[in-house]
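What follows is a set of structures to go through.
Paired with chain B in one complex and with chain C in the other, chain A is shared by the two complexes that follow.
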Partner chain A sequence: MRSVIALFGAFVLVAVFGPLVAPHDPSAINVPNRLSSPGAEWFLGTDALGRDILSRLLHGARWSLGLAFLVSVIGLLIGTLAGLAAALGGRLADWLVMRTTDTFLAFPDLVAAVVIAGLLGAGTGSLVLALSVTGWMRYARVARGIGLSLATRGYVLQAKLAGMSPLAIARWHYLPSLLPSLTVVWTGMFARAILGISALGFLGFGVQPPLPEWGTMLLDARIHMLSTPLQMIWPGLAVVVCVLVINLAGDALRDALAERDDPA
Partner chain B sequence: MTRGILGLVLRACVVLTGVALATFALLWNAPGDPALAIALARYDTVVPADVIDRVRVEAGLDGGFWAAFKGWVGPLMAGDLGRSSVTGRAVWPELAAAGSYTVPLAVAGLGIGLAISVPLAVIATRAPGGWTDRFAVALASLGAAVPAYWLGLLLILLFAVHLGWLPAMGARTRAHVILPALTLGLGVAASLTRIIRSGILEARGQQFLPALRRRGVSDRAIGRDHVVPHAAIPVVTVFGLELAFLLEGTVMVEVIFGRPGLGSFLVAAIAARDFPKVQAVVLLTALVFVVVNLLVDVVYRLIDPRIGERDA
Partner chain C sequence: MSRLAPFVYTAPAALAAVVALGPVSPVSAGEGSVTIAYHSGPASEVPDPRARQYGWLSNQAGVTETLMGLDSDLQLYPRLAKNIERTDPTTWRVTLRDNLTFHDGGPVTAQSVIDSLLPMAQEGHAAHNPRLVRLMDLAGMEADGALTVVFRTNSPNAAFPWTLTEPGVAVLGPASEAFPINATGPFVFREAVPDQLYRVEAYPNYRDGPPALAEVRVVKTGDPAAAALAFEAGEVDLVINYPETDYDRVLGTGAQGFAAPTTRLFFYGLNVTNGPLENRLIRRAVSLAIDRQGIVEAALSGVGGVPAGTVFPAMMAWAADIAPSYDPNRAERLLAEAGAVKEGGRWMLDGAPLEIDIVTYSSRAALPPTAELTQAYLQAIGVAATVSIGEFGANNDAIASGAADMHLQAWGTAPQGDPSYFPETIIGTGSGSNVGGYSNPELDALLAEGRQTFDETARRAIYERVQAIIAEDTALIPVFHASQVSVGRAGLTGFAVHPAETYWMHIGVALAE
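After this line comes the complex of A and B, so read on.
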């Protein structure tokens, strides 16, 4: 658990400080050195325009991880509000929110995100919108489920009888109980967002070149796959390692919470 | 029971109405004038204003959102998906042709996924916490982290470029389906392994199992008659979820392998801003998803009638 959290912290550090330690300018074009192999000067080699791949990966962490963080937090906010509204707002609100959730769930995430990002025009803004719109439903379901189970608890009933407003009950009684489970859901959605951002980047609907997003880098590298296959390995490896560590952190957190709630 | 199933069908109908509305609203609100987009796609030059107006009336876009929605949903109910705004040809035959490439790929991917995950989960749960179990869980975690587009490229590099065993691009021969299906299947296997594993473990943890064992029922009979049905419930549910994974997985895989199918069809339609085609694909995937999940819910209740009572 501790080691996973330490690794997770290391990624945050890379995303925040990575650009500072990058050995080269990520967009410095250096045609004579194009497609060079890994070596002392270019640690992971260079791409088709002679740009340093390591520097691009380090700068890319800001896009790939930073945007994924943003998307997953927007989803968390929308989903929690929707779930709480369903749990606290009476039967009609519950029905409306849950049928809306079902409707959004009916579209496969990536298909919907591709359509939204593609129609709005490729770019970072439409990427964030597309992934946020398709990424809130799981939070809503979890928040509603826990909310409904809390409604019958003694302290919630007492708060209601004492005349506490639904908003105050949501803030002081529901949110603290929701946070642990929502954090577990959030780790999963953060990992999904990283995959989604790089997938859309790879399809050409995401972050646009020359910005060094990992999926976009992979799209560039694909053309030179036969001559310099290593160039294609690095961005994919970055995605895999990040997603793996975040998922493991989520699993560890879930197990720790299960143990706390139900010490065997 | 019947009432519960009727309720599920009613709910699915509500969701489908929402799906149709959301699909239409999304394209209606896409930036740019749809009539201009159609006119440009059709004539491919600078288009005079009167032509744009004519296109607008032809496409039923002049009466506002609800009129246009009605004009789209009416034929839709009769199974008419309209015509491509670019080529003017009916969407349905082209969609069916694309689907005839996607369905075998999805089925093969699911087959590979099951062929890997079921034995892996069974072996893993023989000794929970042992090294085979840890190995299976680690493999599944790794598999869930590998994006399909990267895995696909790696498989192309290994099997098509270095070893030269398999064809990579297009869909000319049967062998062309192997690499795409493998890419899809490995992803499916990763998520299925975890779910089947925890399904088996949960079924094993049931309190009546020690009682059966003490009564002298053989391990084999316990596994067959008690563990398998319990493990089947999460597997059935997951089938609905896995379908979404398959649908979006095929989009990526088809693009990587330059394979015709619904994914390539969708990406091409978006690039051409061919709205009727985009609507058709989005609607079809959502329809498949809703119907399969409805069936899953119904089967679920047939396996375990307690579920319906808990919901009500």
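After this line comes the complex of A and C, so read on.
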């Protein structure tokens, strides 16, 4: 548990401080040194335009993890609000919100994100929008489910009888109960967002050149995958390890919460 | 129902199909099948070769033929024609070869040539092609006997015989279910799956003898890296436009390389109507800031082309002697002359940072890195630049709307071997492909004069001046003249890169087991 959290923390630190320790300018083109093998000066080698792969990975972490964080938080906010609206807003609101949620869930999220990003055009803004629009539904379901179970609890009924507004009830009685479960969901969605951003970047819809992002690094490297496979292996490894660590952290968090709720 | 019933019902149909296939069934002309990976594919189940650029694939696959052809030195030769003769400035007499037949066995006559070309001018017809109609500029056609077609043009048109090499000016016979594309080439069209597959089979009765191959399959592979992987996996036998950066490695595996210069130019089309490139000095500065040799080395690994200073490659007789220039210092002087001011290492224009938005697409491997290198070269002199990788049509829209300034693209500058086509199409005032809005009356007048001048020496002088204006005014920014880099399996014989890129298959292409 501790080691997983430490690894997770390490990735966060890389995303925040990585650019400060990057040995080279990630966009500095150096044609004579293109496709260099790993060595003392270029620790992980250079790409097709002679740019330092390690520096691009470190800078790319900020884009990959930062955008994934943004997307997953936007999804968390939209989904939680939608779920609470369904739980607290009466039968009509519940029906409307949940049918909308079901409709969104009916589309494969990555395909829908590709369509949205394609319609809006390549770019960071459309990438965030596309993944946010397709990433809120799981939060809504969890929030609505827990919200409905809370509605019959005595302290909630008392709060209603005491004349508290639905907003106040949501703020003081629902959110504290929702947060642990939503946090576990969020870790999974954060990992999915990293994969989504990398996938859209690989398809050319994401961060535009020369900014480094792990998915776009994979895209740039694919043409060299047979001659210099390390070009693809480094960013691929970064995505895989990062997603794995986040998923393990999510599992650990879930286990810890289950232990807290049921110590026996 | 009897178990034999299906056979009873299907046997006549099968027999009818065999009869309908006539001279091409059973296929006995050649042996083996070749699968080609190409970045473009058919647009429909029966793409009419006369429409849009669909004729390229049918010409490349050896299905359709044109009246005139281009040899490997880009010289005209009579293909379906026996000869062509200009009787006055607007009249051309084309005499067909004797005993030509379509794939269905029908004779190719002067009238069938006329019937084939007429629909190109008919709006709403599947063969409608306004681009070629404009290039041919026909006032009328008539048959003079069985084998001579008399073409009359609206005005003197020196490019007319060259236009007859354009793959879209294909000679087709009446279509039928068995022969939806009833043409004259060594291969018969058999099947097209939109955006996926174009399949042809040998035509054993071809006039020059049966093809060595029984079948050719052209598989659309939009991503060059995917084409390389398909070749590695043995799924394709020939990759047209193989990624240049992997060329050396794949040759080391025993594959054959086919690399030769073509007329293809990688260039920047410019938005000259709004934005910073409206100013000729800034256009010139941008051009001078680009290290074309660096691009050729990095993006093409030294095998994909040579730096370009003008639109036509050196192998063409029309090429002007204009060397590419790389002079960042002069570029900065021109920016200052244009009124830009350098503050903190960045050029400012009218109080705002000078920023150039570059767009390109990714179906050719060299395009994205070329755009990124250009971005770096511009940033090196203090000009901010962005790069967006999108789709060709959307990029053109962005140029037309002013959302982008430079569109990196790759065009064959002389698919018909004549110098008139490319400048007229790309920078002629009002041309449909002139999305950046360039207009230069002197250039337009020269282009009109070039089209009407039959004397070759005089014509060459005109197009030298055209290229000089393009360079002086930076109507577009040439980057490099591309070679076609293709890779084939060991045992593939008879294939060669054609400089016009419109010819692949002929009866001599074979694949040994």
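Operating definition for what follows: the second predicted complex is superposed on the first by the 264 of 264 C-alpha atoms of A that agree within 3 Å, B and C clash if a C-alpha of one lies under 4 Å from a C-alpha of the other, contacts with A are read in each partner's own complex, and residues count from 1 in each chain.
The rule is short, and it goes like this: contacts are C-beta pairs under 8 Å (C-beta built on N, C-alpha and C of every residue); 3 or more make two chains touch, one makes a residue touch a chain.
Remember, it's a predicted structure, so these values are computed and weren't measured experimentally.
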{"item": "Partner chain in contact with A:Val12 - chain B first, chain C second, else both or neither", "value": "neither"}
{"item": "Which superposed partner A:Arg99 touches (first chain B, second chain C, both, neither)", "value": "first"}
{"item": "Partner chain in contact with A:Phe107 - chain B first, chain C second, else both or neither", "value": "first"}
{"item": "Chain B versus chain C as contact partner of A:Pro229, first or second or both or neither", "value": "first"}
{"item": "Touched partner set for A:Val115, first chain B, second chain C, both or neither", "value": "first"}
{"item": "Chain B versus chain C as contact partner of A:Phe202, first or second or both or neither", "value": "first"}
{"item": "Contacts of A:Pro210 with chain B and chain C, given as first, second, both or neither", "value": "second"}
{"item": "Which of chain B and chain C A:Asn247 touches, first, second, both or neither", "value": "first"}
{"item": "Per-residue contact with chain A, leading partner among chain C and chain B", "value": "B"}
{"item": "First (chain B), second (chain C), both or neither touched by A:Ile29", "value": "second"}
{"item": "Touching both chain C and chain B, counted on chain A across the two superposed complexes", "value": "121, 222, 225-226"}
{"item": "Contact set on chain B toward chain A in their complex", "value": "11, 14-16, 18-19, 22, 26-27, 30-31, 141-142, 144-150, 153-154, 156-157, 161, 244-245, 247-248, 251-252, 255, 266-267, 270-271, 273, 278, 281-282, 285-286, 289-290"}
{"item": "Footprint of chain B on chain A - complex, ascending", "value": "99-100, 102-104, 106-112, 114-116, 118-121, 191, 195, 198-199, 202-203, 205, 215, 218, 222, 225-226, 229, 232-233, 236, 239-241, 243-244, 247-248, 251"}
{"item": "Complex contacts: residues of chain A adjacent to chain C", "value": "27, 29, 31, 34, 48-50, 121-123, 204, 208-210, 220, 222-227"}
{"item": "Contact footprint of chain A on chain C as seen in their complex", "value": "223-225, 228-229, 232, 243, 245-246, 248-250, 294, 297-299, 362, 365, 368-369, 371-373, 375-376, 386-390, 394"}
